[in-house]
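My structure is below; once you've seen it, I'll send some questions.
By letter and in written order, the chains are A, B, C and D; residue numbering begins at 1 in each of them.
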Amino acid sequence: MKVKYFAWVRERVGKAEETIEPPPTVRTVAELIAWLSSQSETYAYAFEKPKVIRAAIDHAHVKSDAAITGAREIAFFPPMTGG
Amino acid sequence: MTPPVATCPVTVRIQEDDFDIAREIALLTKSRTDIGAVVSFSGICRADEDSANIAALTLEHYPGMAEEEIKRHVDEAISRWPLNGVTAIHRVGRFMPGENIVLVLTASQHRQAAFQAAEFLMDYLKTSAPFWKKEESATGTGWVEAQARDDEAAARWTKS
Amino acid sequence: MTPPVATCPVTVRIQEDDFDIAREIALLTKSRTDIGAVVSFSGICRADEDSANIAALTLEHYPGMAEEEIKRHVDEAISRWPLNGVTAIHRVGRFMPGENIVLVLTASQHRQAAFQAAEFLMDYLKTSAPFWKKEESATGTGWVEAQARDDEAAARWTKS
Amino acid sequence: MKVKYFAWVRERVGKAEETIEPPPTVRTVAELIAWLSSQSETYAYAFEKPKVIRAAIDHAHVKSDAAITGAREIAFFPPMTGG
């Protein structure tokens, strides 16, 4: 699945998007954040405060317990500050 | 007799270029005689955001999702208030103090609907549309933090 | 440390000529970097006022008192909200459906103040500023009756 | 004192303004309306529903029990319908 990062999450991860293949035991957004954080110090730093991170699946806001099954695109970003 | 359904043209754009409020209002109202009220909100880059002296502001967005998220809230506004037209334009890029950032226009027969829909849309643009601001000031560069008061403003529209 | 007092230029005009919203906004915001939000309300002559088919609307006012009454309410708005500029323009004369009648512009650092002040001013313009509308329709000519909903809208700003 | 009429009050009175000299027993807006109504059928018709009539003294809204002493200009009109 494709993962996108925005704002300071993007800066901390060091890239705007990538394609990942998490193991099938990773079923929710929270589990995906935990799995990414276990992969390297870079991800651990980007996701060090998981409660602050917002997520969207296929362009719709989701909560951290949302299932990632079938997602084409998952995005991680800080709270929005537009307008 | 049911009243005739008002047509409510919707324009949602994300762009780097500035917008022209007079032109957007004219597009919304021209050759119509059923609109009694037009409310416009323009958001402008300020120099004194939270007392730091802003030299410039950079706006980043999530292409695709940003448009869809705004359209979802415009549809929600149309379902809540009798609107005759809605325009929402959000700029992205780098802005100097005094420059336009965002425009919301609402048209209705009566002023209350136009005012409320414009406030509703701005509250959701602030808290729900995927845009992020980065400030450049004398003390450095940093991402703007979300404001609790914006979440509270958006929460008042939640149906109980 | 007390914050610096924001300058709040006030423009109140009663005129026969149309107004230019873009020009009025530019006059309010140009060479300022402390304004974060501008709300504009334009009231437009509708063809379908209360289901009668309006051919034209004539607006009469009380010269002198009309300006003073609007200025009193602008001062009240400035005392209630942190505003950086207010413009209120009310046209008088004979209007066809689609023509502009009234413009209220409010500028502030934050959107809530601008929205609330604009709504407050419009509610008082409707109920307290000495203007009267006369309608011409297919069934004849008559003075528009005051609406209870406008009195209710104005009443919500009364301090208890 | 100068009296001004607006909208349908003006149309019913048949003039936009005039100068009147009510007797000193006429002290309030309500008493002035009653006195004018007693002067002719025209005024009686214009003020037939005194509760609907709004008044201003020297450009400020007043209630019907307001004193007219010292007023330079009194205006009568129906409820406002601007905006």
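Criterion: a contact is a pair of C-beta atoms (placed from the backbone, for glycine too) under 8 Å apart; a residue touches a chain by one contact, two chains touch by 3 or more.
Every value quoted in this text rests on a predicted model; they were computed, and no experiment measured them.
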{"item": "Chain A-chain B separation of Cα centroids, rounded to whole Å", "value": "27"}
{"item": "Chain centre separation in whole Å, for chain C relative to chain B (CA means)", "value": "22"}
{"item": "Separation of mean Cα positions, chain D and chain A [Å, integer]", "value": "72"}
{"item": "Chain centre separation (chain B, chain D; CA means) in Å", "value": "47"}
{"item": "Two or more partner chains touched - positions in chain B", "value": "43, 122"}
{"item": "Junction residues of chain D - those touching two or more other chains", "value": "none"}
{"item": "Touch-based graph of the chains, sorted into line, ring, star, complete or other", "value": "line"}
{"item": "Chain-to-chain touches, reported pairwise for every pair that qualifies", "value": "A-B, B-C, C-D"}
{"item": "Chain C residues within the chain D interface of the complex", "value": "43, 59-62, 64-66, 68-69, 90, 101-102, 122, 125-134, 143-147, 150"}
{"item": "Chain D residues within the chain C interface of the complex", "value": "4, 6-8, 56, 59-61, 75, 77-83"}
{"item": "Residues of chain B defined as touching chain C within the complex", "value": "20-22, 25, 29, 31-48, 97-98, 109, 111-112, 114-115, 118-119, 122, 153"}
